[in-house]
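In what comes next, chain A is part of two complexes: it sits with chain B in the first one and with chain C in the second one.
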Partner chain A sequence: MIASLLAQAGDWTSPSIDWAALAPEIVLAIGVNIILLLDLQLAETKKWAIATITGFVLLGSFVAVVVLAVTGDGARSLFDGRYVVDDYALILKALFLLAAYVVVLLSQTELEEGGYYQGEFYVLLVCSVLGMVMMASARDLVSIFVALELLSIPAYMMAAWNKRNRKSNEAGIKYYLLGVFASAVLLYGMSLLFGATGSTKLTDIGAALLDGDLIGLDVVAVVFVVCGFAFKISAVPFHQWAPDTYEGAPTPVTAFFSVATKAAGFVALMSVVFIAFPGADGVYQPLIWVMAALTMTFGNVLALRQTNIVRMLAYSSVSQGGFILMPLAFAGEPGVGPAALNAVIVYLIAYAFMNLGAFAVVIAVTRKTRSGEISSFGGLFSYAPGLAVAMTIFFASLAGIPPLAGWFAKFNAFKAVLDAGTTAAYVLAAIAAVNTVIAAAYYMRVLRVVWMDEAPDGDTSPVKSPAPVVAALAITVLGTIVLGVLPNLIARAGAIDALTGAFAG
Partner chain B sequence: MLATETGPIAFPILSALIFIPIIGAVIVALLPKSRPEYPKLVALMASVATAAMSIWLMASFETSEAGFQFVSKHTWIEAWGISWHLGVDGISLFLVVLTGILFPLAILAVDPHHDEKPYLAWLLMLQAGVMGSFLSLDLFVFFVFFEIVLVPMYFLIAGWGYEKRVYAATKFFLYTMFGSAFMLVGLIATVAIASRDIGYTTFDLVVIAEQANFAASTGRWLFFAFAIAFAVKVPIFPLHTWLPDAHTQAPTAGSVVLAGVMLKLGTYGLLRFGVYLFPEASYWSRNLWLTLAVIGIIYGAIAATMQTDLKRLVAYSSVAHLGFIVLGIFAFTTQSMSGSTIQMVNHGVSTGALFLFVGWIYERRKTRQISDLRGLQKVAPIFAAAFMLVMLSSVGVPGLNGFVGEFLILTGSFLTARWWTVVAALGVILAAVYLLWAYQRVFHGEPDEDNKKFPELKIKEGLVLLPFLGLIVFMGIYPKPVLDRVQPSIDALIGRVEDHTDYVQPKPTIELVDHSQEPANPEEEGDG
Partner chain C sequence: MSDATFLEFVVFFSAAVMILGGAVGVITMKNPVHAALGLVLTLFGVAVQFVAMQAHFLAAVQVIVYAGAIVVLFLFVIMLLGVDESMDLSIEPIPIQRPLAAVMAVGLVGLVGAAIVRARDALIIAPGDGIATAADAGTHDANIKQLATNLYGDHVFAFQLTSVLLIVAVAGTVLLTRKWPKDVADTESSDA
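On to the complex of A and B.
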């Protein structure tokens, strides 16, 4: 046995690796070590530098992504097509890095002032981002799983970062237990998939599933894999962890979860759906259809009843997930695939800006009010008009009011669905349409408090936001407006033959 | 890249009509708090400039032309064939002018009492949104503006309205949002289905209208998806319940704008995106709309009679008046549709002015209850006389503008929708009842202690009123310039309906007897 394995090993030659294509990952990996070592060496008074260095690490990785995007001609395929750096991967990597950068800006003062600063936080954050960046390129079940764990395990710890806070501990435990459970389901599905098709490479699985009728094993495998990712994107009925985790975790971490982690889940789901499952569209489409409809409806209805802003944003993020999921329910319809892929990516980008922005405002305001209740935002317009306007922009964008990024994303999602032109598509679009109205109700409720109500305790001293928070707000406001007015910038994102070509056949 | 400029000069006047208020709003918002005298000045400058341009637009409009003029078209989102496509025809021209004129007057007429800066900024944003809705010829652009309009209006009502303002604003927002959510789905479905006929994806209204061939059943579904949004906006009975609340609770300028131009977004939408885009479906469903319109006329009038709040009374009168407009649209004759188009403007002028009066009465007496007011004619005769003129215009007394619109609608509708018209005519009488009765209760009699101190019309108020009164009289006596511009577009629209259905417009002559023998509105229709 061992001898035969050794004999095989003898044939193994080191694959030629396109190191340039891995540059973003390498920068991050080196950065993790630098941050960890520096944190040990730096004097207590100079700890603030860690956040700055983290920012530079992310920036360095971002530069690598941009260079790859500008110089790259076509897709770079590594490891026998199991790790692909194409435009689809690059735009998502850029998204993850940008989101992480905004989260770093938000964390900086929040952690220090909250009295739970630790340098490891940034180490874990960058580790998690590394997992996401890998996820965008992973085209193999094993590398997808590794990336998923790499991004999840630091996230479990980050959720419980506020150690002396009972709620934060609860958040961490809940997230951990349900996350591990999801990983188990996913892994089980993957193993079945490997058993049924004989490969872990997505393109091979795709070819195997397209070849001939689906057997029961295939169906179970597909369902398990989709459900495993559904946990990550907090799709109903796998969303229960989200509100508690979001509320308990430190707010910048919540922002990170609701945007970056969720996006990573969607990226994995997209890779699997578009490359591995084109032959199984009869299985995953109805499943995603139901999940999308439930997710947006439940998320919205529950968000309506919330009085805590972070909890409301948690449920709103669940419901937004339903909208992002919606086009995938028709990914297999003839001619809809590219539009659906594009719709999801555009939504993820727009959603990252507006949701991070919403959290940035919440962080800026709660620094002063020390309360997460929606009513504590009363009078914001009178004492902090800038923050009130920023909040209006983000919430209006989340509600899908033109000409902001969220509107274009929603429009795009509707368009992809209606391009399918089936009865199921019209029904889902109608459900989504009703949901936009429900969503508008609770977003507008917050804005009403911000604009119309008096400050609850009569305290109208102005809010002083630290520079990093202001920078985060500037980035997100700019992104939300520019993407709404000039949607051309992202309208073609993801309309890429490299990925879509893989499932066209 | 200026694609097709058909106007006399290349100045992009339609884009300017939209962007000047936006720029004004941004400047107002950015003005420092230390200079409280500037916001109003800037807002007035922006809105007066817009008004001046809209009047110039009307003057240089080609009278006999049916198509779109001053067209400006720029690619916006190339991938989907979305373009910044603006144009104006006889149907939208006067709504644009009305939007241009109404805003500076509303800004001038009443002060918000607090937070003037955001108030003015929202008003200017609102003007830009309404302008954009009337001007856009691209479904995407239209929807963007149609939605944008909600936000400033919500904040105006909720921020500067009366006691139940937050409730009213939320109701208004959710009702309208509900309607437009369906329109969004319908709109994208329209584009998706049309792209199969056209061969490429485009949101261009004109291209879709001319090149797409919707199957009858498809067209009807799509039409209703659009129509729900417009029916909420008009509002058509039974979707009207947001209106009395929103109108009553809105600040005076908000009510003026709401009644003056925003309700017209609904009726304009029915013409442009209902009848023009889906002629077959709108003709097929005409009986439904006629019935709802007539119910609205009678219901609105009866409800208005019952009101004890003067502002609510005017609000319900809007329901009735808008019913006439819808009746005229779905009667599909040249007179009725021209009448509807003119009536949109007339209603904006006279109801806008009525809301100004109610606002001024409230400023003076801090009440809108009819029972609290008495004998104002004795203490403020000029105020009463001006109110009387506006009120009579709203009743539809010959010689004033309201008569022209209602008369055209009723005579036109009589040809194709006889029994509906007969019932609707009752609404004219009821309008006289509730308005004259209200006038009698408020202005006649002996003023009691509180009402004795009622101040007379101020000079500023008089100046604001002058354009309203001028329009009321001018359009009542000499509507020809307006009709000349409206009619070609209306004829073209009816031509479209005739092309797509077997409807033939009965000749509007005295030989009515002949037409009653061959049923004027044949029951079997188009390709359905």
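On to the complex of A and C.
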């Protein structure tokens, strides 16, 4: 019987695989297993080593990305163009790995001191990063969906990590239920898209949608797919899970969600918008326009009223999402595409540094004050001047004050929108300008408390930050300043011809 | 072809009724065991549709994995949690949400239905138009072969990474059900 089966298998040829192009993913996948096995073997007193090993796994993967970037000559296209490793993918992979590394640094002490350390945290973190790294290269609906699940499912569990805290449980269950609902919407849209175009490959879908007029089914499919991703990037009106999840989850996990998972959602959205939907710009552009305007306005107005700093950063992260979304509303206008793609990528990179940094300061300070209230940050300058300065840098950058990274990101986003030159573009730019001012108000309010107010209970003993948190602060401060002073480093990142490497496959 | 078409229509129609009836049952039944059985009906209906489309392998997998394993798992969970009596679902925290959900559902069905009706002409795929069927290949296992080519060729990377997803699921299940060490659990019971 085996022989007859083997005889039938004669015409099988295994796909040729460019293993070097998959190296970052392979390193991470092996790393997951190493961490899982070591965690079983290590004695309770040596558990700190797990975080270090996780750092090395991420570093190994980062090295592979850098090697690919240095030696790469153009895009590497695998599986008939379904998985593409080009400059666009590599820069985002590097971003995900770096963000994850900072999160590992932040988690190291936070989880142990909170009394809810479990070694599997790092396993799940690396699995989630693996999903993101895969997402950056996925050019096929199937791999996009697998990547999305791979990055989301560990995240659901990480949100509920502090099992004895009711808010953490609430965070996990809300994130899980709404995330699964979003996956269902997305999957439905994908199945309609497959039914209407006959392919799951993004380039084929793009060609099919450009070929002739859009039919109603295409329109419904595009709307569903965009809405499915809108949950992941917490765009209004799909943002309800974000504040509760961000507040309830352990703070390092919140930092991870607000930067890495959000960036992954944007990457998926960019891949489908630029590769699969050029023929449907009349459908997604108004949709994204409305979502961007609502997202930045709602996020800002609600952030103004928060007294808890993590909750305020959660709403601020929602509103920053609106700014990142803004250029995509004009992605299909002639000549704007490259600028829009560039603006989103630059914003994602700058936002990763400044937002991770803001969370790092919050973690460092709350280790002492044990309070998330903004008022508890009073007098920070008098007893921890270093942290106060770092916090000023991050919040000023989030507000968009030059010469920090956030300023260049905002400038780029406005430029891309104004390039479109339509009435809709001017209106959106005006809304964004008003929102920049509102945002500055609540960022500055926190800084006033930090610099002007007295310490709430007269406790001015210095803050002792553990080495990993200091390292995380150093990385993020450096990133925020360097990107602001030398924006040329990333200004050309993700030129559109790099992304269209997908078409070559 | 015409005599076969009528039979195909009957099979399609009855399977569609099974799927929809089961789906409505899942959300309306008050007893969770009945809801799980409604799910079995839906999954069987999908399996029948697969058979009607010559996808015998998928139909078998559908019955074995979904109707067999997964629903049995549901029933086990229902049994272990002891929720086999009907629960009072009539209390509604937000009274408007049910009518609102109904309006949304009708609207969505109307929208998708209209889109499909409008797209009917554009979507009819001629035989041999890129999508091979078992009948084309002439052998019974062409279906499996095509599935394998797809899974282990074009989508092999996504397929492999699905196995990482299984690690996540196993690790997560262990974690979420694991008890805390006694000494830690006693000192702190924060609710803030």
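Brief remarks follow.
Quick note on the criterion: the second predicted complex is superposed on the first by the 485 of 505 C-alpha atoms of A that agree within 3 Å, B and C clash if a C-alpha of one lies under 4 Å from a C-alpha of the other, contacts with A are read in each partner's own complex, and residues count from 1 in each chain.
Convention: a contact is a pair of C-beta atoms (placed from the backbone, for glycine too) under 8 Å apart; a residue touches a chain by one contact, two chains touch by 3 or more.
The structure presented is a predicted model; accordingly, all values stated were derived computationally and were not measured.
Contact with chain B, but none with chain C, is seen for A:Trp407 once the two complexes are overlaid on the shared chain. With both structures placed on the common chain, the touch criterion links A:Met134 to chain C but leaves chain B unconnected. Here chain B and chain C are compared by how many residues of chain A each touches, and C touches more.
Applying the stated contact rule after C-alpha superposition, one finds that A:Ala430 touches chain B and leaves chain C untouched.
Within the superposed three-chain model, A:Leu22 lies in touch with chain C and out of touch with chain B [touch as defined at top]. When the shared chain is aligned, chain C comes close enough to touch A:Tyr83, but chain B does not. In the superposed model, A:Asp204 makes contact with neither chain B nor chain C. Judged by the touch definition given at the top, the superposed model places A:Glu112 against neither chain B nor chain C.
In the superposition on chain A, contact of A:Leu217 is made with chain C only, not with chain B. When the shared chain is aligned, chain B comes close enough to touch A:Leu418, but chain C does not. Residues of chain A that lie in the contact sets of both chain B and chain C are absent, per the superposition on chain A. Residues 8, 12, 14-15, 17, 22, 25, 29, 32-33, 36, 78-80, 82-83, 115, 118, 120, 123-124, 127, 130-131, 134, 138, 140, 142-143, 146-147, 149-150, 153-154, 157, 160, 163-167, 192, 195-196, 198, 215-220 of chain A touch chain C in their complex.
Put simply, chain B touches chain A in their complex at residues 76-80, 118, 140, 143-145, 147-148, 150-151, 154-155, 158-159, 166, 169-170, 173-174, 177-178, 181-182, 184-185, 188-189, 191-193.
Partner chain B is touched in their complex by these residues of chain A: 381, 396, 401-403, 407, 411, 414-415, 418-419, 421, 426, 429-430, 432-434, 436-437, 440-441, 444-445, 448, 451-452, 487-488, 491-492, 495. Only residues 111-112, 114-116, 118-119, 122-123, 125, 130-131, 141, 145, 148-149, 152-158, 161-162, 164-165, 167-169, 171-172, 174-176, 178, 180, 184-185, 187-192 of chain C touch chain A when the two sit together in their complex.
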